[in-house]
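For reference, the structures are reproduced in the following blocks.
Two complexes follow with subunit A in common, the first pairing it with subunit B and the second with subunit C.
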Partner chain A sequence: MESSKKIFINGSFLIIESLARAGAEVFIGYPITPANYLYLYSSKRLPLTFHAPDEITTLQWMSGLSASGKLPITATSFPGFALMIESINMAFMMELPMVIILAQRLGPSTGTATCGASGDLLLVRGMISGGYPVPTFSISSFQDCWDIPPKALETSVKLRTPVIILTSKEITMTNRSFDLNSLKEIKKLDRKFYESNENYIPYKPEKDFVPQFLPLSTTKHQVRFTASTHDQKGILQHSTREALENTARLQKKVLYNLKNYTYFDYQEDGYENLIITYDVSSSVSQEAVRELRNEKISVSLLVVKTILPVSEIYYEIISKYKRIFVVEENLSGQFCEILFGSETPKNVVKINSIGNMIGIDQIKEEVKKNG
Partner chain B sequence: MRRAEIRLAGSGGQGIILAAKVIAEAAGIFSNYNVLQSQIYGAAARGELSKADVIIDEGDIYTLEISAADILLSLSQEAYDKYSKELKEDGKMIIDSFYVKNYDQLDKRIYPFPISELSKQLANSELFSNMISVGIITQMTKYFSEESILKSVEKNVPKNFVEMNIKAVKIGFEKVAEKYPNIC
Partner chain C sequence: MDKQFFNSNKLPFCPGCGHHLISQNTEKALSKLQMDPKDVILVTDIGCHGIIDKFANFHTVHGLHGRSVALAAGISLGLKNKKKKVIVFIGDGGATIGMQHILEASRLDLDLTVIIHNNMLYGMTGGQASGFTPKGFITTTTPQESRTRNYNICDLALSAKASFVARVIAKPDFSDIIVSGIKNDGFSLIEVLELCPSYALKMNKNMKLSKILEDLQEEEFVKTNPNYKWDFYTNSTENLLEDIKIFEKKYNNNVNKTLCIQISGSAGEGVQTAGEAFSYAAILSGLSVNQRGSYPVTVGVGFSTSEIIFSPENESTYSVNTPDIIIITSTDGFSVNIEKLKNFKGILYLDLSLQTPQTEAKIIRYDFRKFGPKNSAIFALFYVLKDLQFFNIESLTEALEKLNLKNKVSFEKFKEDLNF
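And now, the complex of A and B:
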């Protein structure tokens, strides 16, 4: 990388560049604001780009390419994502690696295309029929645009699963001056396929509950990808014990390996107040924490980057604190609900906003009032 | 310099986003500040409200949008109506006096220029209103040099239109010097 080069860019550029370097091979998509820059940079940067006629086709083509051994990515926003969900279920069941970038905007429905929000978390959490978890990462800063996508890609390959990167309009469309020196080198993912001469059993799990991958087009082994309930061989079953064990394994592999893809930023300062945040609220939370500490108020900060499934590490951190503040740009406090349930505990304060971004002063006021 | 918060607002199609990018790069690339530029727009074809915020600072920038502006450009009445209350006490508002007819004449923070009329005189079109505004903002704020803004224009507009856009920026410089010589 060139040294000491200051550039003026948006987060979309960094996300796509990092994925390209990490080994993403093909972008398939249908344009939608605020994901358009992701689409634009992908078409200039990735070896292959396919312009799909709609979002259902996008996911179907991604599944086909993933099954043939490519690493596909796409980017969309809620209206497009909603159309993708049935096919994400298919890819999840077939165990196909792929990365889906969800650039959130203000909903419901078409909402406001150029207004940011963090409103799709509960949707992502519940999108797989049966309640199965899909590894989901949240980008909270420009630096994360570089650091998180390669980790998401790696997780999708290691776990043989679709993964979601949650971001939002304020990351994908906001331009900043940025020093390229602050970016670490990204190593290309070293992807291994099944190599043994023994018969390939497509859904036979290893110790980590993940089956080895072998793409279509091999002549040595038979390869099956099956969306309906199936046994280890990929043969469709109604509800045999083996098939149901295979289905249950889809949850096991995501949870068992969670420690290997749990990313967060934790800044400890006493055990009085803890601010938990993700996405664009992280930036203002960080500054609010700095200003509060200058006023001699002790506040710790947890910026969550692996947001789903929820790691037990987060609960270990939370258990140390008297008061918790959950800062997120949605109406009801979606991550707060995921962490603590529908009834917010008395020592937990939600700080939320829609349409206007949460301000530094708003966070400081809440901490002072309740702290 | 202290943090500068600039808001550019007008109708879709008036080139607000490009003007913001040119200003942001003049400060962030061709001068050595940290900058952030966010954007909100409706459909250009429908002439919906378009807005871009630029924050310029020597230090780190944590906020992604501004609550009150040091500099506010209003190229349409709708933009004026919506954002004029979000100007700092010591801020400056630049308005296109052709489109913004209904404004507070006693507010000393307001600086009217016939921006779209100047663009029509230059090129028989309102296409250059954005770059005339960029010239006016450069001259009124001195956040960055004339040289920085001209370099940024050259980098950000299509090659065939560089000359005309630079002419437009320079008209902005001149009009400030003519009308408000104390500022220059």
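And now, the complex of A and C:
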């Protein structure tokens, strides 16, 4: 075995290097804490960087670059993300691949820029008018900073859709020692455009409900991208059957292909207690599980990395357990609400916190009290 | 080559609408330029003018209200191909909501041509006033005349250094202006004043576009600025990991379980850097480290805390219940920890200047600020390391070297004072 090669870096560093290796070509951004390191490293590493004057422009420029065949990424936090939402709807409707990294911080509003949180999940879940899901990944460790972003980029290309990577200040601005040799090789994405001589129909779906992509640089076929309700040709329609089918397909493609981009980490230990978590709470949960097991209390752990849409695999796992603990760094228990609805079932315990990272002892106490 | 630019002669606008003239003149200009339709990208947005894309034989992109200029900017940046022509159709409503995008494209002199369909009101939504509605104009939302003045978008674009700006009253043939705009290798803005018969003409009887211009003391014109060329920002490295510092274990340590040190002081006094130096030292001593910073947004004001978790295990944890050691070097660092200290049972290293807090901790006092505020945090860490001997103090000295800090702190004085 090769000896370890220790480096000391923050999570942003790994996120950007992994995306660059996977084939991200352009970063467009507007500075915002805690996403600034992502901007900084991108400007050094990505083939192209453009400095947008605001976050609406960011998403529009990204869409234009995506339509011309490039793979753009950006990084922001809630205040900037909120400005992007209308344009994310546009990119979702036009079916433009791109990656948006949402480095969460404490809200509401401008909240505390330098305080971590996992408070934007419900916003992301509901941001598309009509409630359509956008593939959303969550980074829960430094290893994930390397492994997850390329998968997010690949999903965005394969599904022709914007995707979101959720992370937080605790990853993007935290420094850690890390073994360089633990980084797996990343292959550059092999991207294919429509090649046939047959007339190109921009929104005609393949078997997986995803239409083939052709950038605006082509001279072979006419290409259309349309933000309003449209038919397969990309022509505006009020509400014809074909157009509504096309709109409904946007949900279908995200759900139908979900099995190909469902990533999670599941450690089984008996069927009594299951801790479900994501993002920054994963590490404390992992610690709590370790300590509880040392005390001979059996606890299983499910760290969710593909967080939206919710995979049925998660429900299969959940169904095996007597008690469920959902650990997340927000006040209301957003993922718990997505999983179980507004009324928390009796066997489900929410473990939440704002402004402070959830403590290992807090989790242990809850498990012991309810277990 | 298929040189038909539109697939129908019947365009989708109300009879007499000025939009007809703009579409026809655009088509004429493209023919004069002998463009291949598939080298043309028409970007439209919301408003009556946007319905045109259905009739186009070129590439079409139909976006959000007012955002078409930014979307087209992205396309222009992405294509970077002089043969391709990106044209934007936008209304005065869209130009109002998306004015920043027009100014930005002007400032950067991006290669695209924007044609503003300025009928001085919002046609599609029912004839409301826009930022382009002139004083005295009647719209459905200003039934007793508009009381406010209008934007002069051409002046704005010119002052933002757009390289081609024209104002023209819609007329049967103004295609040469569009030809010049498209030919310009930079940002071209053409404001076309035109009429919406369905609203403007009904409410403003006998209105004449030339009269409106005259009242505004404005006129038709073509003005230019020099073309502005700039290089794209490209990467300075092909691999971020290439130049990164590798830490080889050089020193031994006396740490047999995960420990956490928290140091709090004032922003601007080098707390984060000191934390980083201590982390380097721990890694050089074969430990794994997690270092979190906590501070207000403003750099240089208020408290600054660095939390260093170090562990003999392969991977350090990301968080602990409570630190084992807290170091406080200033009043800012003190105030932010008052609550936390109440139940704190570890060791508290406190600067001499600070009052004794309510705490269950063992308190050790020292004058950490004796070598000046900027030295306080790093000096305190030297002190603690000397005291608790987690690892060789040499490692911290080497960490300072690695961070190019050794000459920036009063290192020799530390050495003398602490006798190492």
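Everything that follows uses one rule, which is that the second predicted complex is superposed on the first by the 367 of 371 C-alpha atoms of A that agree within 3 Å, B and C clash if a C-alpha of one lies under 4 Å from a C-alpha of the other, contacts with A are read in each partner's own complex, and residues count from 1 in each chain.
By definition in this document, a contact is a pair of C-beta atoms (placed from the backbone, for glycine too) under 8 Å apart; a residue touches a chain by one contact, two chains touch by 3 or more.
Please read all numbers here as calculations on a predicted model, not as lab measurements.
Overlay on subunit A: subunit B and subunit C clash in the combined arrangement.
Of the two partner chains placed by the overlay, neither subunit B nor subunit C lies in contact with A:K320. Looking at the shared chain after the overlay, A:T174 reaches both subunit B and subunit C.
Among subunit B and subunit C, the chain that touches a larger number of residues in subunit A is C. In the superposition on chain A, contact of A:K188 is made with neither subunit B nor subunit C. Across the two superposed structures, the residue set of subunit A contacted by subunit B and also by subunit C is 6-8, 114-115, 170, 173-177, 280, 283-284, 287, 357, 359-360. Interface residues of subunit C facing subunit A in the complex, by the touch rule stated above, are 36-39, 41, 46, 51, 53-54, 57-64, 67, 70-79, 81, 84, 100-101, 104, 232-241, 244-249, 276, 279-280, 282-283, 287-297, 314, 316-321.
Across the complex, subunit B meets subunit A through its residues 21, 24-25, 27-29, 33-42, 61-65, 67. Residues 5-9, 13, 16-17, 20, 26, 28, 33, 41, 43-51, 53-54, 56-57, 60-70, 86-87, 90, 94, 112-115, 141, 170, 173-177, 179-180, 183, 216-228, 230, 234-236, 280, 283-284, 287, 357, 359-361 of subunit A are the ones that touch subunit C when the two sit in their complex. Residues 6-8, 114-115, 170, 173-177, 280, 283-284, 286-287, 356-357, 359-360 of subunit A are the ones touching subunit B in the complex.
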